[in-house]
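These are the structures in question, set out in turn.
Next come two complexes built around subunit A: one with subunit B, the other with subunit C.
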Partner chain A sequence: MISYLVTVVIFVAIAALVGLALNLQWGLAGLVNFGVSGFVALGAYAVAITAPHVGWLAAMAFAALMCAGLSMLLSLLTIRLEENYLAIVTIGFGEIVRILLLNEGWLTGGALGISGIPRPFAGMTPAGWGDGVILVFAVVLVTAAFAFSEALVRSPFGRVLRAVRDDPTVTAALGKPVLALRVRAFAVGGAIMGLAGALHAFFLTYIDPSQFTPIITAYAFMAVIAGGRGSNLGLILGAGSIMLILEATRFLKDIIPWIDGVQLSALRLGMIGVGIVLMLILRPQGLVAEPKRRYGEFFPKDAAGPAPNRALAEGGKA
Partner chain B sequence: MSPKFAPSRRQVMAGLAALPAAALLRTPAAAQAADVPLGMVLPFSGATGPYGPDMKKAAELVVKQVNDAGGILGGRKLKLFIEDSETNPTVGVTGTKKLLEVNKVELVGGFWGSPIALAAKPIILAADKVQMVSCAANAVTDGDNKGMVFRFQAKSTSWGPAGAKVMKDIGAKNVVVLAQQNPFVVAMIEPFKAEMEKLGGKVSQVVMYNPDQPSYRSEVEKAFGADPDAVFCLSLLTDFVSIAKEVYRGGFKSKIVSLSIGADAEGKFLQAVGPEVANGIYHIQPAPPLDSPAYKKFVKEMGAPAGTVFLFAGNAHDQICATALAMEHAKSSEAKVWAKSVFEVCNPPGEEVDDVVKGLEMIRAGKKIKFVGAGATCDFDAKGDQINRSFLVQVVKNGKNEMVGVIS
Partner chain C sequence: MEPFLDVRGLTRRYGGVAALDDCSVDLARGQVTGLIGPNGAGKTTLLNALTGLAKPDAGTVTFEGEDVTGLAAHRMAAKGVVRSFQIVRELGSLTVFETLLIAPPHQAGETLAGALLARPKWWAQERANAAEARRLLERVGLIKLADQPSGMLSGGQKKLLEVARALLMQPKLILLDEPGAGVSPPLREEIIRLVRELKAEGLSFGIVEHDMHLVEEVCDRVHVLAQGRALVSGTFAEATADPRVVDAYLGVAA
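What follows is the complex of A and B.
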């Protein structure tokens, strides 16, 4: 049982990393990214291809940098594209990555995928503890990404990103470089997605293109919506609860005799859908709403300054 | 949930802390000490979803037969746990992990589709349990498998030459391959080309396509447009349905040789496209022992019309049979021990037996048996691959599958 829970927690960690990245891009900066699965796949493949040659640390750094770089290039499209159009372009990107991985067999193994990916600290791990090491690794990564995102939210960079999200025109009028800000937000998010892919590759030790279907993107959006757009704590809860529903429903058929596997497989996914719809109706701000940030949080009382501009300093509509 | 629900930090932390308790809510679903837990990872949704229900039914059939006859190892009952793979390797991995850790299964069987089997393999081997697969990619049995991986299916590389022999029989010299990009299919192409050349034909073109495309029109036009004698369509069910309709719409005249997993799929292809579109399509698959009484009985028990050719359901049936027989032979339900007995009960020499209950009785009586399954004769080489698999060639005529011959 313990080892199964470890597996579930690792998958929650991967989902949480992807979610944190999406929360940064979409929740904080307002950039819709439907190509999440593509970035995760790139991260996973970058690690799988380079790790045997350069070691896990350099491979992860390479994965993060490559995904950041590609994210920057992709986000340059936001010069002209916003919202719906950006969404379509990113969907295209995700599919292009998957199809390339499937067809460039000389590099990626094509449909056969890559097996035997070396895990970090594999040489020092006692037999049977491999997953435990990955668990620690995953928790450290999520904690670091969470702390980083929280710090980012509270920093001037995070503040101006919220401003870009809420009204780019006003922000531009105030002299902020909207495009540069968006590119940076997208790059940071892309790097975190690459790390999530790396974790996925290290954990499974076998990857192939069919593991990186757009369902990853869908789950990431569900986690952000369920948790509360813009709220990192909510996101961790959202990612956790979606995985919990997905995995816990496995046990239904062991307990309830009249439900069989065929019905359950349809029911499980249906339940998540119903859950999200109910969530949006009953609690549109998510499990944990993005905190209302007040002027005083950023500028201590005694500091002289202009009257609080709440439109800029607040996010969400709770 | 009221809109005013706003948990405090403490409530959130308390909720998080209570999460592990959720695990305790589960009734002890794991088998009681006397039961022998077996697991299967099968597809019920996604692209290969149509194959899962029959495999489940076949496996449950064996479990019921064995248990009704008193179980194995002196009265222990088999208990079957099944997880949905959703045709997704990641989901297959969590399902496998659940079977191994929660249900404590000795066998993880099923596995339609090589990517899922390949992703689950390291986990099953690390737990020292047996993996039985119904998929074909050569990579599944490659490497050091500790003798714990068994393939209830013909290897990819043996499907290709069988296809070439069909091409020769129908007089096709100039042939095009239209194939889905997946590990099982890709491995067939080179052996097919080599065999075609040996038989005096040639493969003029190979057209690959990606799974789950919204349309296959351009690939179909490319493959059929040059008007070859025949096209070898290496497709699975969902894509082959679209392709067959596209070929019919385009009025192409080339003959089609396909795989039964696409062009029959236990009758689902005909249901989907109707008799006109399917007319004249040849298809091949590793043959079950069609004339054996056991196979006929199996078809009847599955509730299918006589003459139905099962492939995956038969393999699922055989996996559970071989496991039960091997456990009885080894006098142990421990995977490491009974894995070796799989060879003993499945390979000759021995008295041939096709009924699992009868086989168990004979083992108890100390006889040496050779199990013949509903999916194949179940002979294994040292790597765990099934050998001696012959291929059944059928053609669709007037909405029915007609047998053309058997290629060995």
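What follows is the complex of A and C.
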């Protein structure tokens, strides 16, 4: 049971990392990325291939940098196209990654995948503590990524990304370098996705292409929508609740005798879908509204301050 | 004296249509210059070409003696040429206050490294900008709405917010695209008053407008555009008295 709970927490941690990354790219900067699973897979494979030779830390740095570099190139490629084309190109990217991993067997082991990936601190871990160490590792990683994203969202950089999302033309007319901002947001998101892949590889110590299906992308979008675009706190809650629903409903078949495993797994996905639709109708801003810089933060005792309108300002964002 | 903003032979085609056809106008420092003309005369295209949103096919734009033809939008803004939009394009998820905080140039916190590593620096800038934003919100009468999403303002309030935002960009020349369109009469008077005050403070304006009352009230000179060219230039009274202008607006009797 303990190892099952550890597994759930790690999966929540991976989903949270991927979600934080997508929240930067899409939630904040408005850049659609349907190739999330491709970036996660690349991160995982980069770590799996390099970690035995260079150690876990250098391998993770390599995974993050490689994913950042590829994200950068991908966003530059599509920059002359309409926004929707980024969605199409990223879908293509995800597919290319999957097929390459499957067919370049000399490097990736093909469909057999790569096994025996060394975990961080494996040499110093006493026997039986492996799960505990990776758990702490995952929590530290998510906390660091959260603090990093939160620092960005609440900075002028985050604000100007929101402006780019709302209207790139106006933002350019305001003197902001829209292209450079987009490329940076996409690259940082890609790096975090690479780290999520690294955590995935370290935890399972075995990876193959079938672990990186587009459902990872779908969960990430669900987490951002449920949590609220642009809000990291909401994202963590969203990713957590989606994983919780997915896992908790596994036990439905113990309660409802006439349901079998296949029906149940279909039903679980259906439930998430219904949940998202209800969410969009009833609370379109998500669980937590994105943070905004308030007038009162600078002029707390100002009588002219708009404090009575606070509820309206927060509820009115669609 | 060298001209402030000088446009020579500017041409911009969309397919077979020349929205700007060898258009030459100039805007003087410290003055309010009106750009008027019938629909389709090329006024908005001219504004777009002056602010980097449309690349001219031919011709030159000189600003303060420097060739700025075809410069990208954010580079033009950095030079001090700032614009508003005909149909107000607000940044819907930003509050009124944030819309102003985003405007000042050279913010240390707007780069990736700066946001993470230069916190004390950008917080200091942020405080200074906030004080400036507050002063402007008071000036245009939007202070009570500071924390509202800018998408919830009325049309006229959005135009005032746009002017306030433009002022925070350290502009030398403000180009307004139909500041009076879709604005209630009291707010239109407010905009006229604001433009006059700012002109007295030394700012230069270029104004595209259909409301002749507003043009007459604020413009020192006007250029009448028709079919992508400058037709007549002069004071408002001179321009409106010119028979060619009447022809351009009403069509020549056959």
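Here is the rule we go by: the second predicted complex is superposed on the first by the 291 of 318 C-alpha atoms of A that agree within 3 Å, B and C clash if a C-alpha of one lies under 4 Å from a C-alpha of the other, contacts with A are read in each partner's own complex, and residues count from 1 in each chain.
The rule we apply is simple: a residue touches a chain if its C-beta (ideal position, glycine included) is under 8 Å from a C-beta of that chain, and two chains touch if they have at least 3 such contacts.
Nothing here was measured: the structure is a model prediction, and the numbers come from that model.
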Query raised in the report: Which holds for A:102: it touches subunit B only (first), subunit C only (second), both, or neither?
Result: first
Query raised in the report: Between subunit B (first) and subunit C (second), which, if any, makes contact with A:174: first, second, both or neither?
Result: second
Requested in this report: Report for A:124: first if it touches subunit B alone, second if subunit C alone, otherwise both or neither.
Outcome: neither
Report task. Please write out, lowest number first, the residues of subunit A touched by both subunit B and subunit C across the two complexes. Result -> none
Report summary line: The residues of subunit A that touch subunit C in their complex are 148, 151-152, 155-160, 162-163, 165-167, 169-178, 184, 188, 230, 290, 292-296, 298-299, 304-306, 309-310, 312-313, 316-317
Report task. Within their complex, state which residues of subunit A touch subunit B. Result -> 1-5, 7-8, 11, 99, 102-103, 110-113, 115, 128, 130, 200, 204-206, 208, 210-211, 213, 215, 233, 237, 240, 244, 247-248, 250-251, 253-255, 260-262, 264-266, 268-269, 282-283, 287-289
**Report entry** Touch list for subunit B against partner subunit A, complex
**Finding:** 1-3, 5-7, 12, 16, 19-20, 22-23, 26-27, 29, 42, 44-45, 49, 52-53, 56, 81-84, 86-90, 93-95, 97-98, 100-103, 115, 118-119, 121-122, 126, 137, 139, 181-183, 185-186, 208, 210-211
**Report entry** Parts of subunit C lying in touch with subunit A, wherever the complex brings them together
**Finding:** 51-53, 72-74, 77-78, 82-83, 85, 89-95, 97-98, 101-103, 105, 107-112, 114-116, 119, 122, 126-127, 130-131, 134, 138, 143-149, 152, 165, 169
